[in-house]
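Shared chain: subunit A. Partners: subunit B in the first complex, subunit C in the second.
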Partner chain A sequence: MNSLHQRKERFSLFAWVAVAIFGSVFLFQRDLADWVTQYPEAWTLPAATWANIGMDWFVDHFRWLFRAISWLLTWPMDAILGLLTWLPWPTTISLFIGIAFVAGGWPLALFTLFALLYMVGIGYWTESMRTLALVAVSVPLSVLVGFGLGVSAWRSERANRLVQPLLDLMQTVPTFAYLIPILLLFGFGPVVGMIASAIYACPPMVRSTVLGLQRVPEETVESGIMSGASSGQLFWWVRFPSALPTILVGVNQSTMAALSMVIIAAIIGSSADIGWEVLSTMRRANFGESLLAGIVVALIAMLLDRITRGFAQDNQRSKRAFSLSPRLILGIAGATALSFLLLSLSVTELSEFPDQWVFYPAAQINAAILFFTVEFGAALDQIKNGFLFFFLLPLRIGLENTIRPFTWGFDLTLTMKISYLIACVSLSLLGGYRYGWRVAVAIGIATVLLYFGIERMPWPAMVALLVTLAWQAGGTRVGLFTLAGLAFMLVTGVWSLGVRSLYLCFAAVLVSFIIGGSLGIWASQSDRVSRLVRPINDTLQTMPLFVLLIPILMFFQVGEFTAFLAIIAYAIVPAIRYTEHGLRHVNNEVIEAAIASGCTPLQILWQVRLPLAIPEIMLGLNQTIMFGLAMLIIAALVGTQGLGQAVYVALGQANFGEGLVAGLGIAFIAMSADRIIQAVSAGKKRALGIK
Partner chain B sequence: MSSDNPKLRCRGLWKVYGPNASHFFAQSHDKESRIKTIRDSSHIPAVCDVSFDVPEGEIFVIMGLSGSGKSTVIRCLSRLIEPESGTILLDGENLLEKSKDQMIEIRRRRVGMVFQHFGLLPHQTVLGNVAFPLKIQGLSISEQTNRAQQMIDLVGLNGREQSYPRELSGGQQQRVGIARSLASDPELWLLDEPFSALDPLIRRQMQDEFLRLQKLLNKTIVFITHDFLEALRLADRIAIMKDGAIVQIGTPAELVSNPANDYVAEFTRDVPKLKILTAGAVLSEVNPQKISAPLEGNPTIENTTTIDQFLPILIRSETLNVANNAGDYLGSISVLDVLKKLAEETIS
Partner chain C sequence: MFKKKIFSTIAGLSMLASGVSLAGSMGAVDEPIKLAVNEWTGQHITTHVAGEILKRAGYNVEYVTAGYYPQMTAIQDNTVTATLEIWSSNIGEHYDEAVASGQAKELGDLGLVPVETWMYNDAAAKACPGLPDWNALNACADKFANADTFPKGRLVDYPADWGTSNVDRIKGLNLDYVSVPAGSEGALIAEMKGAEAKNTPLLVMFWAPHWVQAVIPLNIVALPAYEEGCHDDPAVGVNPNATWDCDWSRGYIKKMAWAGMEDKWPAAHAILEAYTLRNEDQIPMMNAIDQEGKKLDDVVRQWVDNNEAIWKPWVDAAKG
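This part shows the complex of A and B:
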């Protein structure tokens, strides 16, 4: 056993040494052959063209079918849209308050009142109702389809094996990439956004349906059988209601996904909804306007989240906890709504919110932003340049190219290069001496990357490095999967875009994870911090992504740094969450044992909680990467270069092939990262004996 | 005790877990070699050739350690699991030959089951849970409510009708499980470790409750437990299981006084003998000729009375007359007879 382990260790070490030699050979041969730095065009396959040809054929033959579906869906769409825009605003507000009250009591009802009053008061009522109408059609659609798929995946192992990878793909393929085929098949019109969002919102529903049904306790099912239930009764009266709490969590997630996709779909500009309002004002750099509209989106998101979550949790609460019966509340709300409706026939202010009542402080906000940016422009620039020169650029093009008089204030001399080399080697040796050869290897690789820059690494060296990393961390299968993904990017010619995305994502994830992890640790130690952080996290997480861009854009304008910050703003959430959760939920007996052996609180944190929480923290890292990649795509709106931008451009030209290839590139990055980290986390769990 | 027409008769029951479970039954084999073949091909013989009879109104307890196959047996009886081979006769009809629909009908009307972890529906109230089997049969709401209310009263849960399972203690939840299993008045009542998830004190209370109910209802019962003392308290007869097979079947007294092998003896060793041995068992030690007629003036006790029950009377009068439940005189026992019997039991 032991000798086998030793042999494995030696083999790993050997593999890393081989990678190091292999990499250095290419690194120093950079100038000899072009193909080393630049994957030759002649070696690529015109995958995008093929995909386009295939898609053209498909569209030619099946367009009628999709157009028919789209036509069919126009009906409920128009009906709901018509209804929501026709109903007088006080009527709609009363109805919503009624629903909110049932879902979450007074606080939620008040919040709803405030949110809807904001929408109407700011003058975005119609746009908001359009967005809500889209969601109102797409959510039931995706809930139904998702439930059906979930049930069949639960029923048959074969269907499950088919559905699961599809779900993985659907959740990692960037949102913009969805829109292209849908655009081609279903044509323009608000229905497109609705369909895109229905498809996008499906996976969480499928997953939670499968999970919920699987988790119904065996004895509950058996008790149903022993009561003499037929198979239909068993499903609808025993399994389904027992699984309902989990399924409702899926409905909540689906709703949020649908909303975010509706907002994103505004990019194709076919519906004059609130998403479009945010986007078009943002593009014109009217930040005041786009902030005001962005707040509407945020409010809608929070509203839908709280209401659906309220219903999901209500199912688990005791029903008698309510002092007022839901029916009574809805009755009151309905009656109020109806009386407003009747009143609106004579009082025009009720049917149409009068323009002179609208309070629209966009100009003031713009003035304030202008004042701020003028006043603090130098400071903002300093922050931005600091990050660029000392963190982002070195990572991308390497210290070798970054250190110039106008960035760092001096040139890189030979002496400096040699001292860097010596420093790196001794650091690596020290690390290796203290913590084992793996740390030495990690330090070595990091310092090399920092010197030459991720983007300037020869592709064979990069491939060898990443595949070895995946293989060492996750085993042969994960290694092969990563190899396949990288080969795909090389062969389809999106390698350099992929590396650009990889770099930006890596930089942002690194920072998110460090900051988020520290905040998580802090929050785990202090209830006050925890209480403070939680609502911020909740809000950030429910926010449709490009709303997050607005405030950052206001201060830092279009560019890589803005994208970097936006990714951090979103990807930091899981880093905080998982770290805190992992640290707080360490087995209590272990903690008590540590206290009993006389550990100080600090020792408990560092030597007991942290090591035991590592698997959970790894999952947080995983989520951080997924969130980062999701935001990376959206950040294409504010000027990134990379796969995200490629997908975005392809969307603009309705170029299915380009979008698909770039989208799959991102999906491959996401899935590889996911598999590697899951494997490491599982290995750690096993080593710690946590099941 | 075996009658010719028992309520439930189980013969040659086999259940094997594994991918090719059925293929061990293609040819005939004797029991031991079949078990060996099954084990060798890394399948699990969970139930091996189990046979027993349960007469009407009897509490038949199956006792065995964890993994001995008790749950598998009881799940075969209700066909929650399909056995590989065997017959299960309920009133002479083979349940294993019934179609799916017939089984549904049988479960609706003739068999009730109680589960170790209660198996309650989390989204239903106590009333809803108890009424569930009736709802499934399509009874009207008022009938459902009436019948369910009766059952709830029967298990002493009135006042908690509108509670949800999560608001009840374990003992209360199992009362709901019991009420539900009785709602459609089954003839055969199956209980799989119904009290194992409860605290000892509650368990004791539930056992008394169970005996009270059985006095009232007189069901035919198969009761599973891993607790030998529980088996002794409740059982008319006990079957001891080990590794999927039945080791011994007998009344509590038979098991205690005549364990079939060391395995059974191991269970009986720590059993308080006073609570098991009956006047009848003591009598079997006595030379029958010694006293041929009842002694005048001595109290008479039934032969099923246990020593701890008649000991106070015996101390006072030194000799007791023993009769069966029809009142026929069987013999007399003295303090010395009891001591002899106890000495023999304890030494062996």
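This part shows the complex of A and C:
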């Protein structure tokens, strides 16, 4: 056993040494031939063209089917839209408060009142109702389809093998990329926007259904069989109710996903809803206006989240002791709603909220942003330059090219180069001596990358490095998967775009994870910080991020740094959440044992809680990467280069093939990262002996 | 399909009856004519003015929000009946493809005079006194540079998906500049607002008529004038060895309709064909909406009320 382990270690070391030699050969010979630094175009396949040809054929033959679907869906959509926009606002508010009260009691009812009054007061009532109509059709649709797919995946192993990779793709291929086929097949307009969000919202529902059904305890099923249930009864009366809590979590997640698509759906056609409002105010760079509209989306998201979650938990718990029965509350709400409806026939203020009551502080917000830009312009520029010169540029084009009088204040001399080399080698050796050879290898790679820059690494070296990393961290299958993904990017000719995206995402994820992790640790130690951080996280996750791009742009101009900040704003949330959650939920007995053996609070944090929370924190890292990659596309709106921009351009030109290739590139990066981290996390869990 | 046939038959019969032209028949007044509403205010005005005129002529009009490129697909099957502000400069091949399909056709010029080229703000005029002459640009490159582009100057360019030729133009004119694609119209405007607030020089690819010019004064760089052939013949233009060594061509703005519109709504088709709008009509309306915060509908209705002399003849001629 031990000798096997030793042999494995020696083999790994050997592999890394081979990669180092292989990489350096290419690195030092990169002037020798063009194909070393630049993957030759002659070696690429016209995959995008093939995809387009295939798609054209498919569209020609099957468009009628998809058009028919979208025509059919026009009916429920129009009906709900008509109803919601026709109902007087006080009526709708009363009904919602009633539902909220049943789902979550007084606090939720109050929150609902506040949120809906905001929508009315700000003058976005009709727009909000249109968005609500979109969600009200798309969520049931994706819940139904998702449930169906989930059940079939649970029933048949073959279906499951088909569905799982499909789900992976749906959740990692950027939404912009699959708007193109939707556009080609379903056509255009509000209904198509609704379909796009329904498709996007489907995967969480499928996953929850499968998970819920799998987790039904055997004993429950057996007792069902013993009492003579037929197979249909067994499913609907035994399995389904017992899986319901998990399935309801899926409904909740689907709702959130559908809402996050509201803005993107507006790109391919909308009914002048809130998404369109955010999109068009953003195009005018009117921050105040788009913030006010963005808050509506955030409020709708929080509202639906709390209500659906309320029902999900309600179902889990045995009936809560209500002082008022739900039926009574709904009755009161309905009666109030009806009386408002009747009143509105004579009082016009009730049927349509009068314009002069609207409070719309957009101009003030804009003035504040302008004031800030002017006052702190110089300081903001310094922050940006600091990050660019000392972090982003070295990472991308290497210290070799970054160090110039304009940036660092001096030129890179030969002595400096030699001292950098000596410093790196000794640091690596020291690391190796203290923490083992893996650390030495890591330091070695990092210093080489920093000197030459990620973008300037020869592609054979980069492929060797990444594949070895994946193989060492996750095993042979993950290594092969990563190799396949990288080969795909090379062969389809999107390699250099992919490297650009990889670099930007890596930089943003690194910073998100460091800052987010620290905030998470802090929040786990102090309830006050935790209470402060939570609403900020909620807002960052539910508010359409397009809104935040405007002030960041005004402060920092179009460029890499702006995109970098935009990605961080989104990707930092899971880093904070998972770290805090992991630290707070370490097994209590372990903590008590640590206290009993006289650990100081600091020792408990660093030597007990943190190591035990590592699997959870790794999950956070995983999510941080996924969020970062998702945001990469939106960052294209502020001018990044890379796969995100390629997808965006393809969408603009309705070029299915280009969009698919670039989108799959991102999906491969995401799935490789996911598999590597899952594998590492599973290994850690095993080592720690936690299930 | 069946419906369409009936309508064309009716249209044909009415043509026979009147014996003059297709115009004269109102066509399917009960079915809504769908006008595309794109992403920018100017287009909203163009569209709503046309829609208002059609309504007063007795038609049923519906506004459909539509992306600029996606609408080129939509117009081929009457998902969108007409779109009225197509800028020749950045629609690219989609327009040609739509026309080539036979399902969509051109409706003539809108009449707006567009300018699309490099522009600079007042702070830049102060920092680089040689402007607007383009020859002054190289000497001022450091004034326009920032950390991303130093030592080269920075041209904030159109989003990559709008299709821009400035990278070639910079090369053709031997300029020490880098094109930085802005990603969206909002990003372009945020750049301008930021530069205006901080009073820093800005060189930007932009267009007129646009409402932002009412708030932020923009000056036009005098690039070497556009000549026919300069985009593909090196001999044409200031640089004998390069293409794209000239300004953007002063393009045109077109209207476009679904091919079946003429049969289905003959008079409406004739009205839209006759419809024109001038810069001096559009700019004040843009300003009233985007800056004074007035409602689009009110502004448009007011213009239509006050300018009956302009549009009444179109309607009368169309109804024949």
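Rule of thumb we're sticking to: the second predicted complex is superposed on the first by the 660 of 691 C-alpha atoms of A that agree within 3 Å, B and C clash if a C-alpha of one lies under 4 Å from a C-alpha of the other, contacts with A are read in each partner's own complex, and residues count from 1 in each chain.
As a working rule, a residue touches a chain if its C-beta (ideal position, glycine included) is under 8 Å from a C-beta of that chain, and two chains touch if they have at least 3 such contacts.
Predicted model, so just to flag it, every value in this text is computed and none were measured.
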Answer with first, second, both or neither: which of subunit B and subunit C does A:Phe406 touch in the superposed model?
second
For A:Pro76, decide between first (touching subunit B), second (touching subunit C), both and neither.
neither
Considering only the touch criterion stated at the top, classify A:Ser223 as touching first (subunit B), second (subunit C), both, or neither.
first
After superposition on the shared chain, which partner residues are touched by A:Gly683: those of subunit B (first), subunit C (second), both, or neither?
neither
For A:Val238, using the defined touch cut-off, is the partner it touches subunit B, subunit C, both, or neither? Pick first, second, both or neither.
first
A:Ser280 in the overlay: touching subunit B, subunit C, both, or neither? Say first, second, both or neither.
second
In this superposition, the partner of subunit A with more touched residues, subunit B or subunit C, is C
Where on subunit A do the contacts with subunit B and the contacts with subunit C coincide?
none
Residues of subunit B defined as touching subunit A within the complex:
75, 78, 80, 104-109, 111-113, 115-124, 132-133, 135-137, 162, 164, 167, 177, 180-181, 184
In their shared complex, at which residues does subunit C touch subunit A?
39-41, 64-67, 69-74, 77, 79-80, 92, 94, 146-148, 150-151, 156, 159-162, 180-191, 193-194, 197-198, 200, 290
Listed in rising order, the residues of subunit A that touch subunit B in the complex are 217, 219-230, 233, 237-238, 241-242, 244, 315, 318, 320
Residue set of subunit A touching subunit C in the complex reads 183-184, 187-189, 266-272, 276, 279-280, 282-285, 370, 373-374, 377, 384-385, 388-389, 406-407, 549-550, 553-555, 557-561, 636-640, 645, 648-649, 651-654
